[in-house]
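To keep things simple, chains are lettered A, B, C and D as they appear, and every chain counts its residues starting from 1.
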Amino acid sequence: MTAVIATNETILVVGGGISGMTAALEAAETGKQVVLVEQRPYLGGRVTQLYKYFPKLCFPTCGLEINQRRTKQNPNLTILTLAEVTGLTGSAGAYTATITLAPRYVNERCTACGDCATAVEAEFADEYNYGLSKRKGAYLPYRMAHPARYVLDPAIIGTADAEKAKAACKYDAIDLEMREETLELRCGAVIWATGWQPYDAAKIQPYGYDRFPNVITSVEFERLADVNGPTGGKIVRPSDGKEAKKIAFIQCAGSRDRNHLLHCSRICCMASLKQATYVLDAFAEQAEVNVYYIDLRSIDRFEDFYNKVRANQNIKFIKSKPSSIVADKDGNPIVHGVDTEGYNRYAEPHDLVVLAVGMEPAVKKDAFPISVQINREGFIEAAPENGGIFAAGCAADALDVNRSAQHATGAALRAIQVINRVARAEV
Amino acid sequence: MAKRQYSFYPGCSSQKGASSSNYLISAQTMCEELDIQLNEIPDWNCCGASIGYAGGGELPRLTLSARNIALSEQHNPGQSIVATCAACWLSTREAAERLQHNPALAKDANTALAEAGLTLKNQTPIKHMVEVLIQDIGYDTIKTKVKRPLAGLKIAGYVGCQTNRPFGIAGESFENPQYLDRLIETLGADSIPQFEKKVQCCGGALAFSEPAKSQEMIKGILESAHDNGADLIVTPCPVCQMNAEVYQEQINATYGTNFKMPVVYYSTLMAIAFGRSAQDAALTGQVIPAEKLAAIAGK
Amino acid sequence: MGDISKNYRLNFLKEVEANVEEGEWVKMCMQCGVCSGSCPLGKFWDHPPQEIFMMIRAGKRDAVLTSNAMWMCTSCYNCIVRCPRELPITHIMHGLAHYAQRLGLAPAHQPTAKFAQLFWNNLMKKGRVNELKLGVKLYFMNGIGEGFKTSLKMKDIGLGMMKTKRMNPMEAIGGHALEDVKGFHAVMQKAQELEDQRLANQRP
Amino acid sequence: MAAEKKFAGYICTGCGISERLNVNQLQTVATREGKIAEVKQHARLCAPDGVQLIRDDIAAGATHLMIAGCSRRSKMEVFNFPQVAMSRANLREGVIWARPNAPEHQETTQEMAADYIRMACAELKYLNIASPSAEQKLNKNILVVGGGVTGMTAALEVAAAGYPAHLVCDEGELGGAWKDLYKRVPFRAAASEVPNGRDVDLPLPEEPGIAEMIAQVQANQRITVHLNAHLAKTSGAPGRFAADICNTAGATVTENFGAIIQASDFKPYDAQQLPEFAYGKTPDVVTNFELERLAKAANGAPLKRPSDGKVVESVTFIQCAGQRSEQDGHLPYCSGFCCTESIKQALYFKTQNPDCDTTILFDDLRTPGAAGEDFYRCGQQEMVTFSKGKASAVVKNGAGLTVKFKDLILNEDTELNCDLVVLATGQVPNNGPDPYAQLAVDEAETEEEKEAARRKLEVAPPSILNLDYRQGTDLPQLKHGFVDSHFICFPYETRRTGIYAAGPVRRPMDMKQAMDDAAGAAMKAIQAAESAANSAAVHPRVGDLSYPKFRKEGCTQCKRCTVECPFGAINEDEQKYPVFNESRCRRCGTCMGACPVRVISFENYSIDSVNQQIKAVDIPDEFSEKPRILVLACENDAYPALDMAAQAGIETTPFVRVVPVRCLGSVSLSWITDSLSSGFDGIVLMGCRRDEDYQCHFVRGSAIAAERLSKVGDTLTQLNLEPERIVVHEVAITDLARAPRLLNDMAATIEKIGMSSFKF
C-alpha cells in the first residue's frame, strides 16, 4: 500500500512532464514538500520523445539527466507514477486530492537488469515510439526512464508471460498481486501541468493521414529522426522503407482551423524548421524540403534560426495551406494547392509528407476534477477564481519548452505564496 | 408491417420524360421492396438548384424551397421531406437552415408565401433518400431483401459533390465517404474503396455552359473507374449520372478514348438485387446499356 | 495603377457586405489559399476566391465585378468544407456573380452567366424546369448559326435521351407546369419586391 | 579534516556481476590493495536488506563508503547517504554490460573490474565530508532593478511570498517602458462558451492596469521603492549582496540582499534610422510607442493627425519596421509583441470611428497561442484590413501620406493614401555593457587590440548593476544584447549566480510574458537566497555543500582561476590573490582545473581524488599488449552516454578506465601528465558541444579544456610521445553508438603507434 505524508503545506503537482518536473523541483529545492503525480510510468512526458530541441538542436535527454539527478537527490519530493488525480475538493490552503494509482506489477526492488523482458514473449505497439515499433509485455518504457523500473503491460497479467516474468526476476521485484489503489492526500496548492497531446491527424481529412502511409505527423517524424529511435535515425518512409529525401512539411495541420483547433499552436513552425535540418543533415545536397505555411511564426530571437535554415538552397517556403494530398501509384504523396503569393498552382510529389500537428490540451474541457477558468480552446486562464490552483506550461497555452519551463517556475512561486500564507497563519 | 411514410420531393429532372425519370422509376421500385411509401408534395416547384443564382437573389431562391416545405407541412404533416436529387436535397436543406438562423429572412419568406395563402413553420427534417436507406432502414435490413446478389460485378461508387458536401451523410468523411462501397458490398457486388475520384466534381450545371471544362473532369472520373477495373459506376445524384453517362461519346471523340462505362443509380442496383425486372429497375433508361446488370436481371 | 484614392479603402468591402449574399464573411479571410487549391475548375479562374477576397479589401471594384472568376464555380462545396475561417465561399461566389449580373457588369458572352439566367427564367415561367426548352435556348444563346452547330453536335445525345425516354419532344409545347402557377408567380413577385427593398435599405 | 575516517566497502553480486566476475578476487583487491579492512558482498545491495546493511554500518560509525555494483547514476535515490563520503565502482554498466560474455574476454573483463575497485578505493581515501561554510546567514531581502511592469511584478510576487523587496527605479515615477500604454492587448482568449464564426464575442483591448499596479507597489508594506535611483556599486554574493543605491540628489543608501532581479525592460528602437518611411520628415509618421501616447492623450476621443489636427480617417501600420532585417542599424530579430500591438492600435481607431480605414502591412502575422489567434480574428471582424505587403517607402502627398508597397498576394507594386502611418518598431534590451567588453580592454595584449576594444566599449551603454566583480559590471550577454542564459530546459540558469534577468532584457516579449517571467525570476531569487543561507549550491549541482578551498601559501597570483571562472565568482584582493565567493560558486571546478600549482580543491572533488584513481590503475608492462586508456568524461553527457551504450549492449574496449568529471573545465593538466608518466597509453577527454550553441551547463568548461589541451603538445614531444595519444571529443548524451566507437578508435590508434614507453 502506497503511503504519502502530506499536509496543507504540501504542494501537489499534477503532471510530470518538463513543466511539472520544473515546478516540482523549483518548489522542492526551495524547501517545500511536493508530491508529483504522473500518469505515465516515468517522468519527462513528451520531451522524452523528442530528438532535438530548437533552436539549439541540442538533446532533451541532456537537460533531463540533470532534472532526474535533481529528483533522485531531493528529500522533499515524492513521485507517484502511473497515477492520476481523480478527485479534487477544497479551496486555497486546504485541498483534498484523490489519486488513483494503476498497478505497475513491478516494485522498487527492480534493478532494471532486464531479465523479465528477455523472459516474456508477447509484443505490443510501443507507445513511446507512437507505434512505429514493438516492445515486450515486460518493458522499460525507454532507455533513460526514471524511475528506472520495468513495467508489466496489464495485457499479460493472467497469461503465461506474467508467470515467466515473475520466475525470471531474481529480486522479488515482480508482484502480480498489485491492484489499483486509491489514496487521498491533503495539499495547500495545486500546480496543474497536464500538458498537451498531438492533434488527431486522421481528422484532417484532405491530407489522408488515415489513407496514405507516407503521410505522417511531426511527432512521429521526431522518433524517425532519433538516432536511438526505431529506425536508428534513418529517415525512411513507412510504406516501403525508401529513404525520404524530398519531404513536405505542412504547417497548421489542425491549428488555426475552425474544423479543428482554433488556436495557433506556436511551436509547429519552429519544429518544422528544426526537422528540416534533420533532412538537410541526412541527405545534404540531395535533400529537398518544402514548407507550406500561412504565417511563418519564428517569434523573437528564433528569427535567427529561421534565417539560418532559410539560407539553405534546398529548402523552399511556400505561403499556402495545401488543399489536399493524393498518392500516386508508387505511394508518393502529391501535395496539391495554390501558392498565394501571386497565385501559382502546384501539384508537388514528395517521398514523405510531415503534418505539423497542433497542440491540444491533454485534459478535455469537461474532465477537470475541480472548477477552473478554461478558455474556448480548453486552456486554463490565470484567474483569482482558480484559488490555489495554478496552471503550468501547456495546460495554460500552447508553449515551447523554454517558455513552459519559465512559466512553470513562476507557477511554483504562486503555489509557494499560498503555502507560505498557510504557514504564517499556522505559526 | 406498416409502411414508412415520407413526404417526397422528386424534383424537375425526375419528372416523366425528363433526364432522370429512370431514377424515379427505380427509386419507386426500391421503395416498394423496402416498405417505404413516398407521398409526393402536391404541386411542388423547382428548388432553383445551385445554378439559379444568376437570376435569383437570396430571398427569391430561398422562397422557392420555402414554398415546397410549406406545402409539405400543410399536406404531409409530420413527415420528413425526402429528395432523391442531390441538388433538390441540398437547396431545400440549405434554405431551411438559412431561414432558421435568419429570422428577418424567414419573416420575408413568409410574407411572400402569404400571397398564395401558405405559411412556413420550417420544422420538417429534410433528408436525402440515401439517409433514409442508411439511417432509417439500415444495411442489415437491405441485405435481407437481396434475392439476386450482384455477384461478380465490380462497381465504382461515385458519390460526387452535393450528396457529400457541405452536409454529407452522417458519419462519413468529405474526402473518402464509404457508404456506396458498403451498399455495393451489401448487394453482393465488389466495391472499389480506393476509387480516388469518388468525390471529384463532374462539372454539375457547367456541363451545359462549359462542356469542354466539364468533360475534362468527367474523363478523369471515367478513367479512374476504368483503371480500377469497374464494370459500371453507381451514383446517388442525377446530375452526376447524366454527366458521367451521356457525354462519353463526345469525350471519346475529343480524347481518342474508348469509354463505354454504364452509369446507374443505387436504386437501379437495388431494384435488380431485390429481384425486380429490368423494366422496374429502369435499366431501359440507360443510354449506355448496363449489360452485365441486365444479364443478372435476366436470370 | 490609375486612381489610387480608393486603394485599400473599405468602400467596396462595405458594398459587398451590404449587397452580396454572405458578403459579411469576406473580412475574415486569412489568405491561406485552401479554397483556390480546392476548386476543380481552379486553373480556369483569372482570380481564385482567396485572391478575390483580397481584391475586395484592396478596393478593386471593377476588376472583381467584371471578372470571369465567380462564374467558374461548379457549386462543388470543396472550398466551404475546407475553409479554416468558415467562409461560405460557394455562396459568396454565387452572391458576387448575382450582384455583378444585377449591375450588368458580368462579362458579355459569359456562357455560365447566360445559362444561369436562362435556367432561372425557365423555372420562373411555370415553376418547374423545362429541360428541352432550356437546352434549345442554351444552344441558341449565341445566335442562330452557332445554335445549329451546337444542336447538331448535341444531336446524338438528344437522340439517346429520347430513345431512353429521358427527353420528351412534346415538352416543346406546354410541358410540366404547376397547377397554381398564378399563386407561384404572386409569391415569387413578392419575394423579389422584398429582396429589392432589403438591398435598397442596406446600401451604404 | 579533524574527524577520523572509517572505511566500509560493499560489492553487489546482483545483476549478473557474480556470474560474470570473480567477486572474491575483487574483494581481495579491495582489502589488500584498496586497504579497506571490511568489504562485504551482497546479492542485491539495493534491496531493503542491502541498504539496511549499509545503514547499520553508518550507525556504527562508517564515514567513507566504497560501493561496487551499478553505475553511480543507478539507484542514486537508494544509495543516498548525505552524511557520509561515498565512491562507486561501476561494475555493471561500466564493465559487464560493456563487455561480451565469453571466456576469451574473461581475463580483461576481470582486470577492468579490479581496476575500478582500486580506483573507487583510492578516490575514497581523498574524499572528505563537505561541511557548510556558514559563510552567511539567511537574508530574505530581494533587490529588484527596474521600475517597469516587469520589475513591479517581480517585487509584488516576491512580497506575496512573504519576502521583502527593494525596487530601484531610475525614473521619477514607476511604470517604465510600458507606462504610456493606453490599453493593453487582451491577456485572455475567447471564453469557453463563445461559438466560432464572425462577429462573435472576442476579447478586445483592455485596461493596462499599470496605475493599479503602481498603487499596489506603493501600498505594499514589504516593498521599498527607490525613485530616481541607480546602483552605484553592487558587491558580495548571494545571501550577502551589498548594493549602494544612489539617487539623483546624490544621497546613497547601502542595503544588503539575498538575491537580485534585473528587470530593466527595454528601450524603444530609434526610428530615426528609418528615413525611407519619412520618420522625422513629417509628424504624421509615428512609431507604435508614440501612438500609445497619442491614444492615451486622446483618451477615447478621435485620434488626430499630429501635423494639422485633422481627425484620422485612414491609417496604415507598417510591421517589422527596422526589424527582421540584416540592414545596418536595423534589428535582426523579431520583437514578438508588435503584431498584436498593431491590431490593438488599429482597434483604437475602429472603436472611435468604425469607418476609419486601417490597413496593416505585414510579412508574417505572428499572433501565437489561443489569445493571439483570437485577437487576429477580433481585428478582422472589426474590419481591420490585413495585407501581406512589403512597404518600400512613405512619401508626403499634399496634406496626407502615400505608402508605397508590394502587395504580395496580388503580386503587384501598389500604393495607398492615408492620414497617418504607424511604424511597428521593436524593442532594444535595456542592458548594461557586456562585461567581457571591459575585460577585453583590460586584458588586450597589444595597444591596437586595446584601442579596438576601447572603441567597442565607448558605444556601450552605462552599467546597470555596477557589479564589483573581477569579470565586469553586468550580466554577460548572449546575442543582440540580450542576457538570456541560453538554456532551453533551464531558462534561469544565470551566468551570475543569484542575479536573475526577467522580461525584455532576456529576449523581446510582450507585457503578459514579461509578467510571467518576473514571477519565474522571483522564484529563483528567493531560492538563491534560501540556498545561500544553507551554504548549498544552486543549479546544476543543487545542494552541494562543498566549495573551493585554496592554499594561499602555494598561490602564484597567476589569476587564471579568476579569469576562467565561468560565473565571475572569484574576485582578487589587493595582492591579486583570489577571493572565492562561495555562494557565487557553482562547484564546477573550472578554477581547480585552471590552477597550475594545484592549490584549489573541493572536499568531495580534488586534484588528489582523481589523481589517486589514475595512479591506482594497474598498468601491465609494455609487452602485455594490454594498453591502458584514461577517459575523463563529463558526468552529465559523456558518462551517461557510455552507461546507456552498455545498457544497449554496445561493446567497449576493455582497455579504458573511465573517470567521471564534473566538467572538462575542472580537468587539471597534472592529471594528464601524471597519467602519461605512470604509463597510460592514451587519454580521451569527453566533454560537451562548445560552439555558439554550447551545451556546457558551466558555460565554457568544454571550450576551456580544449584550449588547455592544445598546449599539451609540447609536453608530449618532450616526453617524445605521439600527439595522437591525447584527444578531446565533443560527446552528446545521445551518442550511444559513437561514444564507445571513439574509445575503440583510440585502442586501434595505440595498436598502430604502439604502447607507451613510460611503463615502470
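We take it that a contact is a pair of C-beta atoms (placed from the backbone, for glycine too) under 8 Å apart; a residue touches a chain by one contact, two chains touch by 3 or more.
Keep in mind the model is a prediction, meaning the values are calculated, not measured.
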item: Shortest chain-hopping distance from chain A out to chain C; value: 1
item: Central chain of the complex, centres being mean CA coordinates; value: A
item: Interface with the most contact pairs, given as the two chains involved; value: A-D
item: Chain located farthest away, centre of chain C as origin (C-alpha); value: D
item: Centre-to-centre distance between chain B and chain A (centres being mean Cα positions), rounded to whole Å; value: 47
item: Where chain B and chain D are represented by their mean Cα positions, the distance between them in whole Å; value: 66
item: For chain C paired with chain D, centre-to-centre distance based on mean C-alpha positions, whole Å; value: 63
item: Centroid spacing, where centroids are CA-atom means, of chain B and chain C in whole angstrom; value: 23
item: Overlap residues in chain B, where contacts from two or more other chains coincide; value: 174
item: Two or more partner chains touched - positions in chain A; value: 206, 256, 258, 319, 324, 340, 343
item: Two or more partner chains touched - positions in chain D; value: 196, 388, 409
item: Touching chain combinations (by label order); value: A-B, A-C, A-D, B-C, C-D
item: Contacting residues of chain C [partner chain B, same complex]; value: 21, 40-41, 44, 72, 74-78, 80-81, 90, 94-95, 97-98, 101-102, 106, 111-117, 119-121, 123-124, 127-129, 131, 135, 138, 153, 156-157, 160-161, 163-168, 170-171, 176, 178-180, 183-184, 186-192, 194-195, 198-199
item: Touch list for chain A against partner chain D, complex; value: 18, 26, 29-31, 51, 53, 55-67, 69-70, 72-74, 109, 111-113, 143-144, 148, 170-172, 226-228, 256, 258, 262-264, 266, 295-304, 307, 319, 340-343, 365, 374-377, 379, 381-382, 397-399, 401-403, 405-407, 409-414, 416-417, 420-421, 424
item: Residues of chain A touching chain B in the complex; value: 205-206, 208, 211, 324, 326
item: Chain D-touching residues of chain C, taken from the complex the two chains share; value: 1, 4-5, 7-10, 13, 24-25, 27-28, 30-31, 50-51, 54-55, 57-58, 86
item: Partner chain A, residues of chain B touching it in the complex; value: 173-176, 196
